[in-house]
Amino acid sequence: MGLRAYVARRTIELAISLILFMALMFYVFRLMPGDPTAMLIEETAFTSEMREQLRRMWGLDRPLHEQFVIFMKNLLRGELGISFIYQKPVADLIFGRKMLNTLALLIASHGMALLIGMVLGVWAAWRRGKVLDIASLVWALVLHTIPVFWLGLMFLLIFAVHNKWFPLSGTITPARDYAHVLEYMGDYLWHLALPAATITLIRLGGDFLIMRNTMVSVIREDYVTAAIAKGLPEKIVVWKHAARNAMLPIVTLAGLDMATVVSGAVLTETVFSWDGIGRLLYEAAIYRDYPVLQGLFFVITLVVLLANFFTDLLYAYLDPRVRYD
Amino acid sequence: MKTATILEVENLKVYYFTQRGVVRAVDDVSLEIDKGELVALVGESGSGKSTLAYAIMRMVPPPGRIVSGRIVLSGIDITSLSEEEVRKLRWSKVSMIFQGAMNSLNPVMRVGDQIAEVLLYHGAVYDVEEGRKIARELFKLVGLDPERVMSYPHELSGGQKQRVVIAMALALNPDLVIADEPTTGLDVTTQAKIMDTIRDIQRETGISVLLITHDLPLVAEVSDRVYVMYAGKIVETGDVDKIFYTPQHPYTKGLIGAVPSHIGPKKRLIALPGEPPDLRSPPPGCRFHPRCSYAMPICKRKEPPRTGTGPRDFVECWLYAGEEVKKVA
Amino acid sequence: MEAVSVKRYRRFERVIEFWRAYSRTRLGLIGLGILLFYTLMAIFAPWIAPYDPKARVGGSFEPPSAEHPLGTDEMGRDILSQVIYGTRVSLLVGVLAALLAAAIGSAVGMVSGYFGGLVDDLLMRITDLFLVIPGLPFIIVLSVVLGPSIWNIILVIAIISWPSVARLVRSETLSLKERLFVQASRVSGATDLYIIVHHILPNVLPIVAASMVLTITSAIILEAGLSFLGLGDPTKISWGTMLYFADRQGALLSDNPYYIIAPGIALIGIGLAFVFVSYALDEVVNPRLRERER
Amino acid sequence: MDKVYRSLLAFLVLAVMLASSMGPITPIVKAEKEYYKLEFEVLVPEYDPVRIRAAELLSQYAAQVGIKIHVRPVDLNYEITKTQDEHDFDMYIIGWSSKNMPMYISSFIKISEDRPGGNNIEGIRNETLDKLAHMLDKTVDPEKQKEILWKIQEILADQVPYVGIYTRFLTQVWVKNLKGLHKEYWGYASPMTWRTAYFEGKKGGTFVVILADDLRTENVLLARSIYEDMVWDALYDTLVYLDDNYSPKPWVAYKYEWSPDGKVWTFYLINNATWHDGKPLTADDVVFTFEYLVKNNVPGFRFVKYVEKVEKVDDYTVKLYLKEPYAWLLYDLADTPILPKHLWENVQWNVSKAPLIGSGPYKWSKRVEGEYIELVKNENYWRRDMPKMDKLVFRIIKNFNAALLAMEAGEAHFYVYYIPTSAVDRVKKNPNLHLNLERGVTFYYLGFNLRRPPLDDVWLRRAIAYLIPKKEVVEGPLQGLGEPCTWYISPYFGELSNPEVPKKFPWIGSIEPNIEKAKEMLAKSDKYEYKDIDGDGILEAIPKAKPTTTKPPATVTVTTTETASPSPTPTGTAAERVVTKTVTKTVTASVTVTAPAPTSPATAPAGKGLSTLAAIAVIIIVIAAILLFLRRRAG
C-alpha cells in the first residue's frame, strides 16, 4: 500500500476512534457522583436558586441524551464548549500558557531522558558484564521503581528547602520585571530545572534498560560481529551498525508510551505546583468541570493517537524493511 | 612444495571464564595454512571450531580470552598486538565469511555501502562513491548484478546475500579468508554454486581459505588439507585423501562413517553414539573415550600423545602411541 | 487414584526443579528475602509497631529520637508505626489488583485467542482502545467516579492493567490451540470450555504469573500515586496517603523530613523486591535469555 | 457459527459484569422495619486529616455506647451532592461558616429549604423555627434581631439537628512590620486592609499578598472563591463596608437612610469618586449596577430578588425600593461592587473577560495566568489618604510550603489563608513573621439526617452530641489552634451569640465524651426503646407505641407590626418598630420535630447509573465494531 492511501486510511480510523472515544468519555464523566455547582456553596452567599440558575445556564437541566447531542454537534464543529469554572472556551484554556508549560516540561525531560538513556544504554551494553555496567543496571532498576512524586519531594527537600538553589514552586518568579527576553527564559529554565530533572531521572531508568537490552541483543547479531571483523573503528561499529538497529524498539516505545508520559505530568505538576494541564485536569475532576475534562481528554487522546501514527511513519523511515500496511 | 605460510597457530588455548566454570573451548591447538591452500576444519558443533576462527580474527567474545599460544598471521604475531593494531589487520590480512551469512548484513544499510565502508575505513578509498564503484567490480567478480549495490539486504535472495558477503570478504584482497559454514541455510543447488564461486575465486586469486564446516562431502570435494577437531582439540590432520580414505582416529572414522553416502541412499551407516562432552569439565584422559568403541583403560587416565603420520600430519590417539602407523582395515 | 498421585508427584517434581533453577539466581533470592520481610511486617504489624499508628503519642513533627526512631507526624503520631502498618495496604492493593488484572486479562485473552474470528477481532479492538486511553487521567476520573476506598483503587488499577495481559495470553493461546494435545482433545469431543479450562489455562498460567509480578510493582506504585493525589482512602494508612498528608501538612519545611523519606524508601524497597523476583523468573522461564556460550 | 454466538454471549456477560462492578454504590433502601440498628455512616471530606480523625474518635466513643459509626471519607463534591442534593446520608461532617453566621443562619432552618439542593440539609421541619427564620430576615432592628437569634439558637440546641465540633483560629501570617490591617469574615484579608495597610517606618512600597488560587475569570461578577473576592475588593469600591465589629459603615455612600416600613432605601454618594479611566462615579453608575444585577438575575447577590425598582434622585442620590423589608441589605451591599455604566452597558454579565476598570484604591496593571496579578496605586482615589502602598501584588502559590518559604525570604508579606497547624511552630520561631491567632467564624459540625429513623429521635441525637470529643480533637489533631464549638452562632458576633446555650443544653456544652450521659439520654427516649436485641454489641431502636395524646404544636404567636425598624446606624434615623412575641418558655419542650418527610430522591442514582453504564457498554461495542469494519475493509 502506498504512503498516501495508508495515511488516508489511518486518518479516517483515527478520527472515528477519537469521536467514539469522546462519546464514551461523555458518559463516564457524567457518571461521576457530584455536581458542577456543588463546590460553589463554599461561597457564603450562594443559595440553591443560584445553583439552579447556573445549571440552566450550563445546560445541565436538560435530559442527558439531549446534552449528548449538543455535545457531539459541537465536537464535530470543532468546539469543545465553555468551562464552567473559568467561563471561557475550553480551547483557549487548554491551548494557552498551561499547554506551553506542560509541553516545556515534557519535551525537556523526555528528550533528556531519551538522549541520556540511549547513550548510556549503548555504552553499558558495549561494556556488558563489566563492573560499571552492572552498577548502572542496578541503578536503573532502582530508578525504575522510585515513585516520581517522591523523587520530586526529595529534590525539593534537598535543592529547594535544605539548599535554596532552586525555587519550590511556580514557573517564573512572580512580579519580577525582566530587562530582556533572555532573562525571562533564564528564570523559566531555573524553575523548570527540578521538575524536569525529576521526570528525566525516572524515565532514564526505563529508557536505559530498554536501550541496553536491545543493544545487548543487537550486539549478538551477526552483522555487528561482521562489522567488528571488518576492522571498522569501534565508534562506527557501535553507532552506525549496532545503535541504529537498537534504536528501533525504543522509538516505538517512546511513541506508544505517550499515554503514560502525558499522565505522569499530573503527579509532577502537583509536587512542583507547575501550572500545566495535568493540574488543570485534576482540578476539573474535583470541580466536575465537564467541558474542561472532555476537552482535555480529547486533546490528550488526540496527541496519543497522533504519536502512535507518527511513530509508525518514523519506524518505516528508520527501518527499510517496514512497509505501510 | 613448501611455500610461504600464511597462518600459523601454535599451542593456542582459548577459555571462556563463565560464572559456572571455565570452558576450555580451544585447548592447545596448533594449525598451519600455506599460501593458496584451502584448508578445512571439521568437527561437530560445539567442538570449538568457531572459537578458533574468532581467535584468528582476535575477536573472542567475552567472557572468553586467549590464554596462551601464538597466532602468526603473515608473519605478525597478532596475540601481542594492541586492539587498534589488530583492527587495522582485520579484513586487510584476514577476512571472514560468517556462519549464516545472510545475517551478517546490516538490515538498514545498502549492501554496496557496507562494502564501501570497509574500503573507506581502511583508507583504500576516499569517498563512498569510489567505494561503491569498487563494490560494483566485486559484484561482477562474484556473479552479481552490479546495480544491486543500491539494494537493501531484505531485497535480495539468500544466494545473492551470500555472494554479497563473499564480495565483501574479498574487498581488501586479504591473505586469508575464513569461511565459517558458508553455505548453511541455503538450498542444495545454491550451495553448490556458492562453493564453486569460492573455489574459482580462490584458484584465480591464490588467496588461502580456511573452511570451517561439518559438511564432509563438501570438504572432500574442495579442500586440500583437513583438520579434525573434537572437544577443543585437533585430534587428527592430514591431506584430504588421507583423511577420507585412511582415517586413523576413531572419531574421524565415526565422522566419515556417519556421512550419508553421496552416491547411495541417504542413511547413516555408523552413528556416533553419545553427546560431545561438557567443556567445563571434560572427561579426564582422552576426551573422546566415553564415546569411543576402541577405548582402553589408559584412555581414561592420560591424554593421548601426538603421533606423526606424515610431514605435517598427526593423530592424537592411544591406539597409535609409540608405534608406527598401523593400517586399520 | 494412582494416576492422580503420579500427576501430583510430577507437579511436585516440577516445583522442585523450578526452585533449583530459581535459587541459582542471586537477585531472585534477594528479592524473595525482601518480600518475606515485608510480608512478615504486614502480618505482624500490631506486634512489631511500637505504637498505635493513629494515636497521638508525641509532639508534632518531632525529629527522630529513641522513642520515635523516625519521628512523628503533624498530629504527633509515630511514623515508624505508620510505615509498618502501611505495608498492609500496599501489599493488599498490589497483589489483589494484579490478580484481578490477570483474571480479566486471561479470560479475554483465552476467549479471544481460542475462538478467533469475529470474537477475537472485537475483543482485540476493545483491548486496543484500553491501551490507547491515557492511563493516569482516566484513573483519576474513575477514582472520582467510584470514591476513595482501597477496593475501588484495586478495581481501577485492574481496569487499566488487564489489556497487556490479554495480549500476552492471546498470543500464547493462539500457539497452544494448534498443539497436538488440544487438537486431539477437540477431536475426542471435548467442549470448548473443557479445553480452555483443562488444556489452555494450565499452560498460560506460568507466563501470566511471571507478568503478574511486574503488575504488582506498578500497582503498588500506582496506588501510592493515587493516594498522593488525594484519591486514596485516608482512613487506611498506606505509604501513599502518608506522603499525601506529609506534603499537604508541610512536612517539607518541618523538623522531621523522615515523614517524607521513610514511606518512599519503603515503596522503593518493595518495588525493587518484585523487580528482582521478576528478573529472576524471566531467567528461569525464558532460558533463551541466559548468556549464550560458544 | 454457533461457537461465535456462544462466545459473543460470554463476552457480553463479561462486559455487563465489568460494568456493574463499576456502578456507584447504590443506596440501600431501608424498608419500614420493626426496629432499626444503630449503625450509621458519617461522610467526611477526604482531604482534611482533622475531620477524619474527629470522625474516627467519635466512632470509637459511640462504639462504647453501642452505636456503630462507619467513617466514610469522600470527595467534597460528592459529599455535598449526597447531602444537600440527594439527602442520601446518615450523618456528615463538614466545615460551613455560614451555618453559624447571623445573616445566613435563617436559610439553613427554613422548611422551604428542605428540598433537593436546599440549604436545610438535615431536614429540619420545625414550624417555630421556620417562623422565626422568616421573621429574622425582615427584622432590621439589632435588638429584635438578637432576640430572635437567641430564640433560634435555643431551639437548635434543644433539637440538635446538627452540632458544632470545633472552630479553627484565624491562623494568618504576615510580616511583623505590616500594620493597619482590618478584620472581616475571612480574617484580615479584608477590603479595608487593602486600603489602609502600610509598612511601619516606610512610605509606599510593594505589598505582596499570597493567594492559594488564581483568578478563574477576569470578571468581578463571576467571583466564586474568597481569593477572587480579595482581588476584586482592591479594584472595586462598594457603597458600604463592614468594620472590625462586623457592622455596616458608610463608604461610597457617605450616608444612607430608610423609610419607616424599611422598603425604601436612600443612598447619598460622595461626589469626588472617579473611575480608573478618569470618568466620575455618579448615581447613574449605582443605578446601573442595581438594574444590571436585577435584569440579569446575576447569581451571588441575594438582595436582588427583593428589589422592586431603583431610582436616581439626583447625580449623587439613589433610591432603592424593595418588595419587602430585608434585614441583610447592607451586608449584601458591602459585597456588591459598583460597576461603571459607560463600560458595562453592552457587556454580558457572564463573559470571562469583563472591563477591568473600577473605582477602588488600586488599578489593574497586569497578570500572568497562574503566577501573579499586579495592581498599582490609584493616585486619584477619593480617599486621599488611601491606599498606603504603591503596588499590590497577588502571588499565586498553591503549594503551602512554597508560600511559607516566600514569606520567610521576605518575598511576600501576607498569607491570606489559614496556615496548616503543622507550620505554626516554624512561624512562631521566625522573628520577622507575625502569626495571628484569633477566633474566626469557621464552623465544623456534625449534621444528622432527620428524615432517617431513628435519627428522628432527639434523644439519640443528644446522646451522640454527648459523645463528640470536642476537646480531644482541638488538643489533638488541631493542636490547640481552635476551640471546641459549643454554640450555634459564633461568639465572633458578640452579643448575637446566646451565652446560655452551653449551660442550658449540656449536650452542646459538653466538650468531652460522656458515655454515662449518652446512655442516660437514650434511656429517656419516648420514641424508641434502645437495646441490643441480637447481642452483637450494637443497639437496636424499637419504636415505642405512639403516645395517644400528641401534644398540640407549639403556640408561637408572633405578632409583627409591619413597620420595619432600621438599626441605629451612623446616619440611620431610628424609627420605631414593635415586635410583640409571646414565645413562651415551653416552646423548647413542646416543639417536636415532625415526622420524617418522604425521602426525596432527586434522581434515583441507581437508575441513572445503570442506564449510563448500558450506554457505555453499547458504545464500547460499537466502537470496536466500527474499527473492526474499517480494518476488514482495508484488508
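Order as written gives the chain letters A, B, C and D; numbering starts at 1 within each chain.
Methods note: a residue touches a chain if its C-beta (ideal position, glycine included) is under 8 Å from a C-beta of that chain, and two chains touch if they have at least 3 such contacts.
What you see is a predicted model; the values in this text were computed from it and never measured.
K.L.:
Per the definition of touch at the top, where is the C-beta contact count highest among chain pairs?
P.N.:
A-D
K.L.:
Relative to the centroid of every protein C-alpha atom displayed, which chain's own C-alpha centroid is closest?
P.N.:
Located nearest the centre of all protein C-alpha atoms is chain A.
K.L.:
How many angstrom lie between the CA centroids of subunit A and subunit C, rounded to a whole number?
P.N.:
Those two chain centres are 24 Å apart.
K.L.:
Please compute the C-alpha centroid of subunit A, do the same for subunit D, then give the distance between them in whole Å.
P.N.:
Between these chains, centre-to-centre, one finds 38 Å.
K.L.:
In whole angstrom, how far does the Cα centroid of subunit B sit from the Cα centroid of subunit D?
P.N.:
Distance between chain centres: 89 Å.
K.L.:
Which whole number of Å gives the spacing of the CA centres of subunit B and subunit C?
P.N.:
About 51 Å separates the centre of subunit B from that of subunit C.
K.L.:
At least two partner chains per residue is the criterion; list those residues in subunit B.
P.N.:
Within subunit B, residues 61 contact more than one other chain.
K.L.:
Using the touch rule from the top of the page, what residues of subunit C touch 2 or more other chains?
P.N.:
Where subunit C meets two or more other chains at a single residue, that happens at 129, 142, 144-145, 147, 247, 252-253.
K.L.:
Give the residues of subunit D that touch two or more other chains, as numbers and ranges in rising order.
P.N.:
Answer for subunit D, listing residues that touch two or more other chains: 24, 75, 78, 401, 405, 620, 623, 627.
K.L.:
Using the touch rule from the top, collect the residues of subunit B that touch subunit A in their complex.
P.N.:
Subunit B residues touching subunit A: 57, 59, 61-63, 87-92, 95-96, 98-101, 103-109, 117-118, 121-122, 152, 154, 168.
K.L.:
Quick check on the complex: what are the subunit A residues that touch subunit D?
P.N.:
On the subunit A side, the touching residues are 9, 12-13, 16-17, 20-21, 23-24, 27-28, 30-31, 33-35, 38-54, 57, 64, 85-88, 96-98, 101, 156, 160-161, 164, 167-172, 174-175, 272-273, 275, 279, 286-288.
K.L.:
In their shared complex, at which residues does subunit D touch subunit C?
P.N.:
Against subunit C, the touching part of subunit D is residues 3-4, 6-8, 10-11, 14, 18, 21-22, 24-25, 46-47, 49, 52-53, 56, 71, 73-75, 78, 400-401, 404-405, 420-423, 425-426, 476-477, 479, 620-621, 623-625, 627-628, 631-632.
K.L.:
Of all residues in subunit A, which touch subunit C in the complex?
P.N.:
Residues of subunit A touching subunit C: 17, 21, 28-29, 31-34, 141-142, 144-151, 153-154, 156-157, 161, 168, 220, 259-260, 262-264, 266-267, 270-271, 281-282, 285-286, 293, 296-297, 300-301, 304-305, 308.
K.L.:
Which positions of subunit C touch subunit D when the two form their complex?
P.N.:
So the residues of subunit C in touch with subunit D come to 54, 56, 60-61, 74-76, 104, 107-108, 111, 115, 117-119, 121-123, 125-126, 128-129, 142, 144-148, 155, 159, 192, 230, 233-235, 245, 247-254.
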